[in-house]
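Pasting in a structure now, in structure tokens, and then I'll have a few things to ask.
Every chain is named by a letter (A, B, C and D) in the order it is written, and numbering of its residues begins at 1.
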Amino acid sequence: MAKTWKEWERPLIEVEENIEKLKQKAKASPEAEREDLLKRVAEFERRRDNYIEVMYSRLGPWEKVLVARADQRPYTLDYINSIFTNFTELEGDRRFGADHAIIGGPAYLDGEPVMVIGHQKGRNITERQYRNFAMAKPEGYRKAIRLMEMADRFGLPLISFVDTPAADPSVESESRGISEAIAASMLKMFELEVPSVSIVIGEGGSGGAIGIACASSVLMLEHAIYSVIPPEGCAAILWRMPDKGAQAATALKLTAAWAKEFGLIDEIVAEPKGGAHRDAIEAAGLAKEAIVRHLKLLKKKSGSKLKQERYEKFRKMGRFLSENPVDALAKTR
Amino acid sequence: MKAEAFLQCSQCKKILFSVEFEQLLRVCPHCGHHHRLLAKQRITATFDPESFEELDKEISSLDPLEFPDYEEKLEAAQAKNGATDSVISGWAKLDGMKVSAAVADFSFMGGSMGSVAGEKITRTLERAADAHCPAIIFCASGGARMQEGLLSLMQMAKTTAAVQRCRENGVPYISVFTDPTMAGVLASYASIADIILAEPGALIGFAGARVSKQAGVSKAPSDFQTAEWVLQNGMIDKIVHRREMRTTLTNLVKMLSWRLVKHG
Amino acid sequence: MAKTWKEWERPLIEVEENIEKLKQKAKASPEAEREDLLKRVAEFERRRDNYIEVMYSRLGPWEKVLVARADQRPYTLDYINSIFTNFTELEGDRRFGADHAIIGGPAYLDGEPVMVIGHQKGRNITERQYRNFAMAKPEGYRKAIRLMEMADRFGLPLISFVDTPAADPSVESESRGISEAIAASMLKMFELEVPSVSIVIGEGGSGGAIGIACASSVLMLEHAIYSVIPPEGCAAILWRMPDKGAQAATALKLTAAWAKEFGLIDEIVAEPKGGAHRDAIEAAGLAKEAIVRHLKLLKKKSGSKLKQERYEKFRKMGRFLSENPVDALAKTR
Amino acid sequence: MKAEAFLQCSQCKKILFSVEFEQLLRVCPHCGHHHRLLAKQRITATFDPESFEELDKEISSLDPLEFPDYEEKLEAAQAKNGATDSVISGWAKLDGMKVSAAVADFSFMGGSMGSVAGEKITRTLERAADAHCPAIIFCASGGARMQEGLLSLMQMAKTTAAVQRCRENGVPYISVFTDPTMAGVLASYASIADIILAEPGALIGFAGARVSKQAGVSKAPSDFQTAEWVLQNGMIDKIVHRREMRTTLTNLVKMLSWRLVKHG
């Protein structure tokens, strides 16, 4: 079982390498042979594309985990830079400190201002440490709350990008109330009278994710995951075997399809063929289209209506058995 | 459970009279350790006698994910505990004053919050908001119920939204952290109450102590994640001995709901 | 020039000691002499009472500083215990930590609930350290803000007791935003829709004091002080001589009479003869009478009216020259 | 002031062309040090040319406490600086957009806030709230003006109350911390702006560094009370180079006042 996205995509990478070699060979070959080689390159490329398409249309839960965590996957700032203009990062939580795992600030979306927040991962070791692996501390959530308040005060719709393995569980974060910060952030999202759209672009990791994902519309990328616990953690608890992550991923039903099936997200946003990391620009374009479409509908509603509908949407979440006929009806949703 | 005449305090290892121990609300007379209470014991210890009226009894957990062994675990917990899930909810009275109450029971699958617990907490808060009377929730939970996957995570959002309803209606909501109050429960409805009380020595935290200690740079102090540590960090309002809980709650609830109850 | 209240009251203390000696002597004397001695005791006591009355009716600014800081002066908890019932201290700032320099919680005032906050000094070394000399950190102000929000949410009038040399100026307090905390606390007081009464009971020390003193009615005890800077600090800046505190105290006009004269407080609350420390119970009684009287008037007003009048009251504070006839009128207030 | 052709950077000691130095808005081309600006220079550097319309010129300081030497100090400052007090206030424009602005001048009695500065700041915020246009305040102050005693302290409350007016009217308020922004100014209107920007290297703090270092247990880091340290502590939103200030302010102000300006 592959443990990383790179390991799992290795066959594909080998094909890519062979294609590259053939291309080089063709370049160095005499005219007569070259044509033949280039034909083979084209054939390989066609097959590779087919392979990618099939492979990515049949991703199992564990492969989704690997893809969602892929270190080439576009991160929040990639989406921000593609989708918005004039993004101006604002930093302060006004309480304790700067947090680089959650970023945010106002920006224009098609010429109208919005407030953007999101978890930010790092692409290399230095960046990852700077971003604390996108695990936000209390300061991150309190900054998010401040920006949400600002959005509400000035009538800017809120858009949040969700991509975190979990909230920071360190002793320091405990001591400054990471639990309170997450809960207060959710509470603030339910108070907002502006439209809000959340989009899970990679890892929707438990409390750290839901902390900024209580929006009017919750979208989820095709290959993103959203889970109450990391599959490895689940496996460790269930079977005392953290390496049974794949089984746990299956058991947890952490895919976009299941989230939609259970009525916990509003829409699955398609990714480019072969995953968002194969075409970050196209991925951002697809995400933007969905965000804009949802915002357009939400903007027609009054603040109190937005609040009420947001409440009702989350209010319905859950599945249980009820002997009360009214509940019983409700649960068949 | 067979009633024995004597038992041993798990904390100080001293031998206790069972009858005295129960009279002391399961607080050790030697070391003061607050032993866990079953939900029903908590209700008896806290609210006016015979005042508790249980609601939401008709709902119970499904196995929506068809999660390995979940059905068996649920059935075993139900058989052992006698309740249908980890939270009991309903109306209660404190010195004659009506309150909407929920009490979690750690002995039922670690007090974990799945769809049923989330629904009961939500209803408890909604009833308080609608009836304009205070909400009191005794927390005791290891966190979200893994076996219900994302549905469990969403209970954090759902219960938080219900707290917002109470705020909007000017209805006071007090949560009490008992041993243990952790993870998904702590990071949702539990931590945003107007007033937070805790029992002495209760374990209170977001992540398991092992995880916390591995992360970050600071060393965990010896009282890490205890009620005392959490008080020192400003996260709760007061540590209240179990025998004082009823009086303290009554006093606070009366002061904060003065406007809701017509006076003069 | 006396530097402490004890030093300054020394003559009085000596008189007291002499009276005590005479009393002892009388007790040990034969009947014949005793009567004479007791007459002298009575005479001394009468003179002492006169002396106290005269002394405390003519306190200069510096003597007020000494009295306001007196370590026998009643502190916030003394007033709370006398004036209210069922006071229940609530501790959390929900952000960083407990602060013992500002305390607060709900209590009953004549059978109706109110929210009480106040700076708390310590009476011995251990207590003083525990209370950080009543110098609150950001946590203290953030706790106060939380309690004010709670008061507003549940319709409890707010009563604040002001008694601090200054806000905590340490590196830690700076790093957690002591300035923001003070400003946010004032801001919250202007947002309140419940009646609020502040009473300066001892030292009203600059930003640390005004942070919890933006109330609908601001009262000040007869011998309390209220100043933009401690007189010693002022002397250090002006004359580079911190021991010229007495001159600076005079220059700063930091007495209740001046605060009233400038329209910066609403009422001076009388102290028992010889100062609040001579009869803490009476002092609390006098304070209570004033608080209750102000609250009674304020309670008749709507939330928006309270807010507006609070705004207008502070809006008028300041003295300046204006060539504009409208301002010129205003400044003659 | 006589214009010299050359001058020396007080920070890096390098020799600068006066003309170039002014063109660079008094930022040293060698070390990047942001030298202090007079209020008028700040206005020119920030707002649309010729757009600033000064108001509140008619008010000036009294000596209500008859404080030793205050009158003389005031007169000397007025003579030297040309302004009547430490704050200049009025209407201005940013890329054509009307804003209510105030600019403090450290060269006038250390930018201290007495009744006049407090009144001007308050009026600036009130004008913004009433006219539904953004407020921008450049701070530069050692704190409250001691010589006006408690009247100065009350300016903290008064200006804070005016910020509340802006909030209530949904009007954005941006404050900019320039060197130095301290004490009573920092602990009132400056710190509760919707957005806080700072110039690089600006000194920002509540207490004088000497006092801070004596109090408490932590050692002051080498960058204590600089804009960079304050950013790291979450107290401000962004450090902005002086040459970018105009663009950054314009961009932010336009986004936050979108709803105030009728669109579509």
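Quick note on the criterion: contacts are C-beta pairs under 8 Å (C-beta built on N, C-alpha and C of every residue); 3 or more make two chains touch, one makes a residue touch a chain.
A quick note: this is a predicted structure, and the numbers were derived from the prediction, not measured.
**Q** What's the overlap between the neighbours of chain A and those of chain B?
**A** Common neighbours, chain A/chain B: C.
**Q** I want to compare two interfaces, B-C and C-D. Which one has more contacting C-beta pairs?
**A** C-D
**Q** Measuring centre to centre with CA averages, how many angstrom lie between chain B and chain D?
**A** Chain B and chain D have C-alpha centres separated by 50 Å.
**Q** Centroid from C-alpha atoms only, then distance chain A to chain D, rounded to Å. What do you get?
**A** Centres of chain A and chain D (C-alpha means) sit 41 Å apart.
**Q** Suppose each chain is reduced to the average of its Cα coordinates; what separation in Å results between chain C and chain D?
**A** Averaging C-alpha atoms per chain gives centres 33 Å apart.
**Q** Note the residues in chain C that touch 2 or more other chains, in rising order.
**A** 94-96, 176-177, 180, 184 - these are the residues of chain C that touch more than one other chain.
**Q** If a residue has to touch 2 or more other chains to count, which residues of chain B qualify?
**A** Touching at least two other chains: 191, 233-235.
**Q** Once you draw an edge for every pair of touching chains, what topology comes out, line, ring, star, complete or other?
**A** Basically it's none of the tidy shapes, so other.
**Q** Output every touching chain pair, sorted by label.
**A** Applying the touch criterion to every chain pair yields A-B, A-C, A-D, B-C, C-D.
**Q** Name, in rising order, each residue of chain D that touches chain C in their complex.
**A** Counting only chain D, the residues touching chain C are 58-62, 64-65, 67-69, 114-116, 118-119, 122, 144, 146, 148-158, 160-165, 183-184, 186-192, 205-207, 211-213, 215-220, 224-225, 229, 233-235.
**Q** Report the residues of chain C in contact with chain A in the complex, numbered from low to high.
**A** On the chain C side, the touching residues are 94-96, 138, 142, 176-177, 180, 184.
**Q** For the complex, give me every residue of chain D touching chain A.
**A** 167, 170, 172, 191, 194-196, 231-238, 248, 251-252, 254-259, 263
**Q** For chain C, which residues count as touching chain D in their complex?
**A** Chain C reaches chain D through residues 167-180, 182-184, 186-187, 190-191, 206-207, 209-211, 213-214, 226-229, 234, 237-238, 251-254, 258-259, 262, 264, 310-311, 314-315, 317-324, 327, 331.
**Q** What residues on chain C touch chain B, complex-wise?
**A** Residues in contact with chain B: 86, 88-99, 106-108, 112-113, 139, 143, 150, 153-156.
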